[in-house]
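What follows is a set of structures for review.
Below, subunit A partners subunit B and then partners subunit C, in two separate complexes.
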Partner chain A sequence: MSSLLNIARTGSAAILLSPLRSAVTVLAVIAVLVPYLVGVGLVEGLRQEARIAIGVGIPAGEELLPDLYVAANQFGRRVPIPVALAEPIGNFDGVTRVVPRIVGRITLGKENVEAVLVGMPREELQRRGSTIQRLAQLIDGQLPRSQHGEGPQLVIGSGLARQLDLQVGAVIPPIFRSGGGEKTPTITGIFHSDISPWQSQMILTTFESAADIFDQQGLATDLLVFCRRGQPESIRSRILQLMPGSSTGDATSFRPSVTSRADLESLLPAGLGHREGVFNLLFVVAFAIGILVILITSGFGRPERRREIGILKATGWQTDEILVRSLVESLLLGLVSAAISILVAVVWLKWFNGFWIAGIFLAGVETQPAIAVPYVLAAQPAGLAVLIACLLVTTGSAYSTWRTAVTPPAEAMR
Partner chain B sequence: MPRDSSTRLLIVVAILVIAAGTAVGRCCRPASARPAASAGFQQLVGGLGFGPTVELSTCPVQFDPRLETTCNAHTGAIPAGGLLCPGCGRFLFSFSRGHP
Partner chain C sequence: MIRGLLEAESLSRIYHPGTSSEVRALSDVSLVIPAGSYVVLAGPSGSGKTTLLSLLGALDRPTAGGVRFSDRNLEECSDVELARQRRRMGFVFQDFSLIPRLPIWENITYPQIPRGLSAAKRRQAADDVLARLGLTAKADTPPEELSGGEQQRAAVARALIGNPEVIFADEPTSNLDRRAAAELAAILQEINDNGTTLVVSTHDTDLAGSASLVFTLEDGRLVDATS
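Here is the complex of A and B:
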């Protein structure tokens, strides 16, 4: 046992015998592992944010988030839904509230900066503003209160504020021209950068102002339905029966779509994991290339390495002892590579806020993100990184070591 | 007591592994204040935002599947047709087709 430990100890010494080779091996593994860890960290961070966005864990009846989202479809595409439908849906037994919402795409400024305009009813915003604890932690400023026909009051995302260099109290050029003429929007608040990634390009205003901006009165993107506990499924069925379908023959008819929180929750594992599978597939290819790189750096064409093994054989070392020595060397290099990769990934995500790389994984995020990039680096991917690093280095060097170890010493030292 | 270079290397490896383990321990869950603030924001906008994009120009369904039924570039029967979307194609993760 002690002889085995002594052999293993020479494995750590072997790392220092060829420092350049060891450094290149560690760097090759880090180059593959760091983007993998950062990507997995962002996926998991976004998954956590998505869980909050759909209210996972919030029981029905709490009235914190809607239980059902009612929308309209025509030819398989979403179309606006009449706000008038809120009243009959609100009369259903078990429905506590129905809130119309507008969500639309607009561009701002000379650079046509993309923004997501969200309109919520004025009363709903004031109601939410009074119930959300520590509103000041969400918004720097005030919630919008503008009414129909008034200049819109806007709360803008941190990304927009930085791109357009806007402060609270600033006015921006009219972004619409409706029947009521031009109205100058005022910035009443800016979302804090660390609350959610999706606030970055968002503009929150009142439903009335959003309808003015898009010049589409009486229509909404969707109706948010709040239900009593245990009621959502039965209300969903009743809504589908109530809303006009294709059988009416009316040119304005649409097919209803009711999305529950359970539907959205079911998307999470299959959804984010779907392309995450492609992401993992890409890295399987990267790891395969990494093995080839390490194979080249660790043995082939390296006469020093061959001479070193030849000398060991000439001084009485057995092939299995040389392989144990090489295995310990590889495992130590793998451990070092994985540990450095994890530390670099954490520093990149936490201290550098995913500089540059967040823009690759999240569309619409700038090189220097204006949001606090969400990330969770769980133990499972970190453990996988250690395993992959050790496998990469071991697989890359084992074959060349074995080939040299079974070669006669005189030939190996030549 | 002087140590040989291989012992020093082992100490460095141990320090690196402990540091990495500590970093993972601290980063395995979001910062405590963030979920509360994020929940407050979602209550304000009625639940909005779900996927790996922060705006609607690339592909609305990737911003939030509540807003659109399918990717605009989805080509139905063509295998992997969804990958033809200039938006979806550049995402490394997104939703499957089985959304509501």
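Here is the complex of A and C:
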């Protein structure tokens, strides 16, 4: 046992005996591991953001987030839903309130910057304790209050504000021509730059102004239904019975779609999974290249290492003892590499805000993200990084060490 | 028949056999090295001295023939068994073969690490041997900071540390100046006087003059044996 410990100690000392080789090996592992850790951290961060956004874990009836999202489809595409449906749905037993919402895509400025416009009813924006009211704390300025026919008041995302060089109080050129004529929008607020990426390119306005901007009165993108605890499933059935369905066959007929939070949660992995899958595929390629890189870098100081092994054999070391020494050296190098990689990944995500790599996972985010990118560096990927690092270094060095160790010492030392 | 500590029987070594670069380094060499003797392998460069030394010291395997060390036929030994046999031997190489950046005391006790000796015991053993060879002050110095003569003495110290039955030295004075070579020759003589068998390959006539037995090689063949 003591001889094994002694041999293990020489393995750790061997790291310093070949400093160039050790440094190159560590750098090669870091080059493979850091993008992996940063990527996984971003994916987890985005997943967590998305889960928060759809209220995973918040029980029905908490009034913070809707329990059901009611929308309309025609030929498999989303179509507007009449706002008038909010009233009969609101009368169902167990429904606490129904909020119509407009979500649409618009372009702004000469550069045609794309943005997502969200319109929420004025009373909802001012409702105490609502999610929107909580959002107000993350806004520099005020929530919009504009009514139908007035110039729209807008709260815009930090990304948009930066791209279009807009401040609170600024007016922007008319972005619509409705039956009511041109109205000049005013910026009443800007989302903080450190809030969720979803708000970076978002414009928030009142439901009434959004209807004016899109010139579609009496229609909403969807109806947000808030229910009492334990009620959503029965209310979903009743909504499906209430809505017209396709039976009427006229131009206004549509197929109803009622989505619960659980449905959204189940859809979540699919969206993120695609990018994650592409990333994982790229990482498998990087991992394979990493092994080759380690094999090549293990060539740094190879004649010296070969000679060293030859000397050990000549002076009575056995092949298995040399392999243990090499294994300990590789494992320690792997641990050091993994620790540095985790540290670099945290720095990359925290202080460099996912510079460059965030753009791979977040559509519309530039090389230098304007928003605080979400990330979660959990224990599992960190542990996996340690495993990968040890595997990489061991795989890269084990074969050459074994080959040299079974070579007659006279040849190895030549 | 004389039974020696080391016996070579029809020893041959061919490098890259069957290829265009085939080299017949040693052909049909038989010799006996008695225990406690001071043996010199003499001959011009390329005559096969180093190859013979490597085969006798279990650092290489012969193409044909065999070596008997004490009671063991080396060609029958497994890799593990060969390593054990090497622990009964000591080696001094022409280029010293010390591990760079490793302090001398650690360098010379490195062979003892797998034997489970604690660092304190190894240090004690190193200090004893280094004192014997006049290297006490250099114990914590890495080899690259030592002169050629000091490095070769350190290499001798490494060969001595395990109290081997035989020490093989390959051209030990060839990289040394006259004074250092003379010092080393005296050290080797002292080692032999203490009962350790010495097998030295050399061009150095002074070293050859100290030998009890000189084997002369030419073109891989043993051409003379003088006692």
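We take it that the second predicted complex is superposed on the first by the 391 of 414 C-alpha atoms of A that agree within 3 Å, B and C clash if a C-alpha of one lies under 4 Å from a C-alpha of the other, contacts with A are read in each partner's own complex, and residues count from 1 in each chain.
Note that a contact is a pair of C-beta atoms (placed from the backbone, for glycine too) under 8 Å apart; a residue touches a chain by one contact, two chains touch by 3 or more.
Note that the structure is a prediction, hence the values are computed from the model and not measured.
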Subunit C versus subunit B on the shared subunit A, clash or fit after superposition: fit
Which superposed partner A:410 touches (first subunit B, second subunit C, both, neither): second
Partner chain in contact with A:315 - subunit B first, subunit C second, else both or neither: second
Contacts of A:71 with subunit B and subunit C, given as first, second, both or neither: first
First, second, both or neither for A:16, with subunit B first and subunit C second: both
First, second, both or neither for A:286, with subunit B first and subunit C second: neither
First (subunit B), second (subunit C), both or neither touched by A:242: neither
Contacts of A:259 with subunit B and subunit C, given as first, second, both or neither: first
If touched residues of subunit A are counted for subunit B and for subunit C, the larger one: B
Which of subunit B and subunit C A:336 touches, first, second, both or neither: first
Touching partner for A:2 - first (subunit B), second (subunit C), both, neither: second
Superposed arrangement (fit on chain A Cα atoms) - minimum subunit B/subunit C Cα distance in Å: 9
Residues on subunit A lying within both footprints (that of subunit B and that of subunit C): 10, 13, 16
Of subunit A, residues touching subunit B in the complex: 9-10, 12-13, 15-16, 39, 41, 43, 45-46, 48-50, 52-55, 64-66, 69, 71, 73, 76-78, 99, 101, 103-105, 114-116, 118, 120, 125, 128-129, 131-135, 137-138, 143, 159, 191-192, 194-202, 204, 221-222, 224, 257, 259, 263-264, 267, 270-276, 278-279, 282, 332, 335-336, 338-340, 342-343, 346, 349-350, 360-365, 371-372, 374-379, 382
Residues on subunit C engaged by subunit A in the complex (per definition of touch): 54, 57, 59-61, 79-80, 83-84, 86-87, 91, 93, 97-102, 110-111, 113-119, 158, 162
Footprint of subunit A on subunit B - complex, ascending: 5-6, 9-10, 12-13, 16-17, 19-20, 23-25, 27-30, 33-35, 37-58, 60, 62-70, 87, 90-96, 98-100
Subunit A to subunit C touching residues, read off their complex: 2-3, 6-7, 10, 13, 16-17, 304, 307-308, 310-321, 406, 408-411, 413
